[in-house]
Amino acid sequence: MLLKCPKCGVKNYLDPYPFWNFKGKTKCAGCDVVYAVEIANGSSVRPPQPVSGTPKDPDLLLPGFADTPDNKPVTGDGKTRPAPRARADVYGKPKPIVRNSRGRLVAGRPLKPEELVGSRARYVAEGKEPK
Amino acid sequence: MAEPETLKGGRRGRPPWPATPPPTAEEVYGSLSEQAREYPKFLESIVHPDKAFNKPEALDRVRVLDCSTGMIIGHWASSMLAELGGEVIQVEPPGGDPLRRLTPFGRKEYMARDKQRGEPVGLHFLHEMRNKLAITLDLEKKEGRDILKKLAAHVDVIIENGTPGQWDKWGIGYRQLSKLNPRLVYCWVGQRGQWGPLKDKPGMRDPVAQCASGFVHGTGDPKEFGGRPTRSGMWVADHVGGTAAAMGIVAALLHRERTSGKGQFIEATAAEGIIRILDYNWVWHGMDGSIRPRYGNWDLAINIYAVNPCKDGYMMVGGGHDRLWYRIWKTVGDEVPQVEEEILADTNLRNISERLPHTRQVKTYTLLCEWLKDNTRAEAERKLVRQEVASGGVLAVHEVAEYPHFKYRRQVQEFDDQLYGKVLVASSPNLAEKIPARLKWIGRPVGHDNEEVYRRLLGFTRDDFDRLGERRVI
Amino acid sequence: MAAKRTRKRKPLTLPLPSGERRRGEGRRVGQGEGDFERYCRQTFNPAAVFGKPEVLKGYRVLSCTQYILGPSCAAYLGELGAEVIKIELPRRGEPMRHSTPGNEGFLYPLSRWVPQSGTGLGFFGANFNEYFISMDFHRPEARELIYKLAAKADIMVENYRPGTFDRWGIGYRQLREINPRLIYVWTGGFGGWGPGRVRASYDILGQAQGGAFSITGQPEEMGGSPSKHTIWLADYWGGMMGALHALSALYWRDTVSGQGTFLEYSQVHGVSRQLEYALPLYGRHGIIRERWGNWDTQLCVHGIIKCGKSSYPKSDNPQEQEEGYILISAYEDGDFARLTKAIGQEKMVRLYKSHDVRVRPESQREIYAALEAWAKDKTKEQVAQILDRARIITQPVWNAKEVASHPHWRDRGSIFWLDDPTYGDLLSQGPAYKMSDTPPRVKWALKPIGADNEFIYGKLCGLSAEELKRLEAEEII
């Protein structure tokens, strides 16, 4: 369910699996206002009401994601629920990888045209150190 | 396990389900134009399973001795071969394979009984006993092993799942049998392998392999969503490993006929079957140490491509590439225009790979559910399929059994077996113009084909049967 | 913080820091190496596979496929030595190249035309040992090229929507005229005939509509939902079924008939084939099989339980901080008695005397609850250690790192470092089965789009450099 905060305009995405049938409190990621929501089968039973409650309340189920009206993400600790992560440091963009986990060369970064021999990355073929 | 109680008031004769007959060809193609119906009709005319018995079989010159016991992987491998025409002889210990006694929640009334002896057999085992001959042979006894050596001369393939090295110690391993029959293809199946550091670790039934291969860790909702690692409802690693074993066996047969004239030793394990198909787990880990997290019913590598809740259950919508992406949002926008506007306005969602990070998946699916919540599976499917988007509901078992398309294609088939009566089964998916897989019988009771097989292959006389039967060798 | 390495306590059989195992380290479990194991090691030695012949040497496979189902079908044949020619759209390639977990890991370049974008990891594993050429199928010039290729091919794998290739003049009906020995494998979602033939399909749609989805996951009353098999099961396994049938067709063609044929594989159909007792049970009794979480419907104790403590609480990887899970299997009476003794619940033996009692749903709930309560303050390795001593079957739930670094899989070559000629040093999965004389093998993982255009078009279609250049400029190849 989409929870648009009337105060700050941030769109909070209450993602379907945890929030499909839900009765409790959540929080706007933009302005930390706590809302009481009641959702049954994905639809609001009654409109979200701002209620008293501290933003650090452990009962709060945070939204999965939130962004501003012009689609700038609002995320971070205590704002939205953490994402499932494959590593400690994440993410979301192609990550240049030059050496794999055992320290050998792997072609995990964009190449310049002059690095190509035919279709083959020259630095891999020649075992040369990429810059 | 205890002796089963008698089946009280069990249903005999015609089973009550499926409730409706398959649609007729007229219903399926009647409304189509001549041009639109031409290709499907052509396909149907060449691959329809009802015509399978007019066609040859790919493996009908192959005789397989399946000696695997208590493990579905071996039974699965041999039932794949049996469906493609192999003459599979299932060797069980006297008294039958322990899997015969398995039945959901111990409910004896769910077991099937044959018409001759009324012997109960679990439906799981029966489903994988198709097209096989059932004989008994006690390999724990020396006499039994001597008989096996004689049988080995008559067969092309042996499948076994003894503990690592057991058959070799008994003198009936690949090293010994290949001397007796150099053309023999010998396949060992198991969960984790007969050599290597884990070879002696016990555990023979799925989900041992599912846990050992990393499958379970990756399946189910992520911890952040309150989920835990989840096993497959089926013994899926056995199915994958069994199929791999069957593939290796056919490849070995092909090599034997074409090139070498000799058999070989094959090893297939359930865990390695799963490891092979765990897509990018290993390469991702090797590149930067990533450990693939669970991601519930969404997909780490494709967006939109997920199952989400809808009005009456769960609905799959998939459209990885741009063409389908915009068609999906157009369909959604017809009813909930603000959702489509929201998606189209977000520049982060324009590029196919930029939609993949978790936050954007949350946005996509939350907005999609704004539409799904007011649509049943059937409605959503109808609207999306009109736009050629791959979509469909999560079907429960009875919906699978009653689905017209499946019934029309004999995917779900009510099979009238000579011994077990009418059984609803899933037929083999391998349809073909010339060498289709087929179902000949659903199963056999313990030792049903002893007479036939031993007489035909080893020339046993009545005296032999009496002697060996008395000593419980067969 | 991220860069800081924490040294982990080494559990019983597990794991090594990612990287190579030291010599002899794999032999910590088990009773040492016997004569038979030595023989097996020698027979299946993954380092020796390249000294052995290949089954499908001299066979040629055309793979006009995308996503996973069709490509993996061809890849299994490629592992066995067939010359697999994968045909993709020029420039863009197939959609799977653009999919990677979390938009993070890519292998560069995508093609010689676009060195700046990469191939996603989703492409990995479904295209081993293939030659990559590019072609836009529906252009009339391309048709002639397909005819030339098909005339020299043994198998063609295709997974476009039913009838598409027929419309373009390169379907089974046209190609069998050119090459009657051709085995034409169509793999796809719902099949090309019947009321649902127009429907497209992906892997999870196959799982959802085939029935596997509804029987996997935690039960409703435990707050669970139907779950998908996280691997693209219906695709990868479906490809295996297709490859099995294609191999059988080759066997039949080359030993019996000399004829080609048409094979149709529907992945939804394949998934239904896996439902075990679900369909017969429904047909006989009208009972609908539902999901039963991490336990087994037919055996008890045979389920996965949660251990309260993480094995690597100090790891900086969130996947390792998670609590451990372990499979415990003790369904036979003797095993169950030892299990109850090991967890200090001897009275349970009297409560659940026989397997028939234990396997009932209400008993299962109580037994597993007792097991989880016992394991609450233990890691999965501690549970394994205690139960191994009691001779109970256990199998910890391993994550990708634990599996990838386990000496068992490394020894057996199931997971190995592949020195890919184009993309460098990659950790890869090995073939699903081992053969003594003609082992399947992985030679390279993938190549950029159109990497083998010169080689294949020159070799099989006789295109000159001039023609290649022209066709490339017109984006026909």
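For clarity, chains are labelled A, B and C in written order, and residue numbers in each chain start from 1.
Just so it is clear, a contact is a pair of C-beta atoms (placed from the backbone, for glycine too) under 8 Å apart; a residue touches a chain by one contact, two chains touch by 3 or more.
If you're wondering where the values come from, they're calculated on a predicted model, not measured in any experiment.
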Most centrally placed chain - per-chain CA mean versus overall CA mean
C
Select, from B-C and A-B, the pair of chains that is joined by more C-beta pairs in contact.
B-C
Separation of the C-alpha centres, chain A versus chain C, in whole Å, is 28
Cα centroid separation between chain B and chain C, in whole Å?
14
Mean-CA-position distance for chain B and chain A (Å)
37
Per-residue overlap in chain A, given as positions that touch at least 2 other chains:
17, 82, 84-87, 91-92, 94-95, 97, 100-102, 106, 108
Among all residues of chain C, those touching at least two other chains are 18, 101-105, 225, 317-319, 417, 425-427
Two or more other chains touching the same residue: where does that happen in chain B?
221, 223, 226, 284-297, 309, 353, 356-358
Applying the document's contact rule, which stretches of chain A touch chain C when the two form their complex?
17, 82, 84-95, 97, 100-102, 104-113, 115-116, 118-121, 124-125
Name, in rising order, each residue of chain B that touches chain A in their complex.
221-226, 284-297, 308-309, 311, 342, 345-348, 353, 356-360, 362-363, 365-367, 369-370, 372-374
Once bound in the complex, which stretches of chain C touch chain A?
1-2, 18-20, 101-109, 111-112, 115-118, 225, 316-319, 417, 421-427, 447-448, 450-451
In the complex of these two chains, what residues of chain A are touching chain B?
1-2, 11, 13-18, 20, 41-43, 64-65, 67, 71, 73, 75, 80-87, 91-92, 94-95, 97, 100-102, 106, 108
